[in-house]
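In what follows, a structure is listed as structure tokens, so that the remarks can point back to it.
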Amino acid sequence: MLRVFVTGGTFDKTYDEIRGQLSFRETHVPEMLRLGRSRVDLIVETLMMIDSLDMTAGDRARIVTRCVECVEREIVITHGTDTMVETARALAEGVTDKTVVLTGAMIPYAFGSSDGLFNLGSALSFAQVLPPGIYIAMNGQCFPWDHVRKNRETGVFESE
Amino acid sequence: MLRVFVTGGTFDKTYDEIRGQLSFRETHVPEMLRLGRSRVDLIVETLMMIDSLDMTAGDRARIVTRCVECVEREIVITHGTDTMVETARALAEGVTDKTVVLTGAMIPYAFGSSDGLFNLGSALSFAQVLPPGIYIAMNGQCFPWDHVRKNRETGVFESE
Amino acid sequence: MLRVFVTGGTFDKTYDEIRGQLSFRETHVPEMLRLGRSRVDLIVETLMMIDSLDMTAGDRARIVTRCVECVEREIVITHGTDTMVETARALAEGVTDKTVVLTGAMIPYAFGSSDGLFNLGSALSFAQVLPPGIYIAMNGQCFPWDHVRKNRETGVFESE
Amino acid sequence: MLRVFVTGGTFDKTYDEIRGQLSFRETHVPEMLRLGRSRVDLIVETLMMIDSLDMTAGDRARIVTRCVECVEREIVITHGTDTMVETARALAEGVTDKTVVLTGAMIPYAFGSSDGLFNLGSALSFAQVLPPGIYIAMNGQCFPWDHVRKNRETGVFESE
């Protein structure tokens, strides 16, 4: 059994047609799993729906706590890309003996041309086979939490 | 370095608007990799573009030969689901010391609501981390070649 | 008030993922109207769900009869492109004092890259403002029924 | 011959994946015409790419001037919905003897689930058949410029 924690991020941004702005409503993860015809035995739990730039130390502590508390040993976390590495670091300090894979998207799933579906398939796969540890899976690649950074100019995660 | 062999299948079916039928043209794999913003270091090689029900023993021999010949040790094969297990068996007899992951789709990528992008992200991920062997990756799951069958009624791959 | 008669055609073709073939299920017209946020006051009535190459004289008679019977004077008919002109001719013989616009698609709506949504918006608009008569609306253009033919090589409707 | 003037609006909003914000780049109108397989004889001219809330009196004057100057007598203008009625009023004062149809979208075309393609098909159709005047075409409906308002709560254009 695997658990998916949803925290928001570009992955789940949607377009508010009355206000003409980006916003968050419900997570798209269940719809994406249906579209991907996923048969992975998993539970989806929404922890928060926020831009990762707005994520506080308290939010991170809550993510760590839930990862420690849950019975599953394979975990995927959907997360904004801007502070994904920071949350990975917090997880590395608090979670042991579990495989935790953070993933996200550069384009909102709702916008039709998203990398999110590709990344979700990738993250779920890495989470099932990698040894315990904290990882970031983006663009088909998987990085240990302490050897990755987001290149702010290109928007791409790179080995470090 | 990873190599993707394209053989056709539902994955790559397209709609021929003049004849009103399903057909094959060029593979969509490069476009899917762009959409997924894949940064996996890989080469795409089209071996054939056929429905897997039309695949002959000669076609299978060619797939096995190319898997043996190529220098890459991580291989993903896109393939029709109907005879994917049969090709996996042929690969198990001919390929050693390489990680070969077959994948496909239930819905053509070109039809907008495909499981193909999810499966491609998944297959590329499994191919990078699993030990040598022949596997089938569908719906977020990964099966050893000799413990899987396609349920013809539901269209789903199951452990056996 | 406007009435939309659904008869099938490429417009409504869908992909049968178990059999790997094109097929018909329910019409996509209501979903397309939702996507287009249509506020046209209309009723959708499915008369048949067939490829227009399979349409019989009896089927055409039924379409004519329903166009005559219904109270609405503005009518849109979704129809396969192959015999759209033939049905238009049958309508011209049987329907007077109503504006009937036939439309269709070269690519199924379900395939993501359809011309169907564009054509539906176009046909509904022509039906609201053109004088009584039988018309074919395709690709943003509108032709009187007796001055149009489908070019089988290009798939395009042309003035004649 | 018909002319399409592009001014921006939700229609053409796109997602800036580096900054995580909505922005404008090139117009999607040519791509939408290709998707709709439009065969309407037309020219696309981009006048500006702005949110209609940012449109100045000078911008409106420029739109009016171009509508007067161009040789075409059928004109479609893509425009943000928030001030579409205001621009329509400016056009009514400055343009005579031409059919001008303003249209827009509630959801950006680039987001996959847009009403834009439906509205574009509709606006091009109305522009070809309505008598000279200034109109707003949204959601399959067409309103004379002086009998329409946008309901800010529902986001819908209504007769007035």
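Order of writing sets the labels: A, B, C and D. Residues in every chain begin at 1.
The rule is short, and it goes like this: a contact is a pair of C-beta atoms (placed from the backbone, for glycine too) under 8 Å apart; a residue touches a chain by one contact, two chains touch by 3 or more.
The structure displayed is predicted, hence computed values, not measured ones.
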Which chain has its C-alpha centre farthest away from the C-alpha centre of subunit B?
D
At the subunit A/subunit D interface, shared numbers over all numbers used: above half (same) or below half (different)?
same
Compare the contact pairs of B-C with those of each option in A-B, A-D or C-D, and report the one where over half match by residue number.
A-D
Return the distance between the CA-based centres of subunit C and subunit D, expressed in whole Å.
26
Computed distance of Cα centres, subunit D from subunit A, in Å
38
State, to the nearest whole Å, the distance from the C-alpha centre of subunit A to the C-alpha centre of subunit C.
44
Check each residue of subunit D and list the ones that touch at least two other chains.
106, 113
Note: in the complex, subunit C contacts subunit D through residues 32-33, 35-40, 106, 113-115, 117-126, 128-130, 137-142, 156
List the residues on subunit A that touch subunit D in their complex, please.
10, 15, 17-18, 20-22, 51, 82, 106-108, 110-113, 152-155
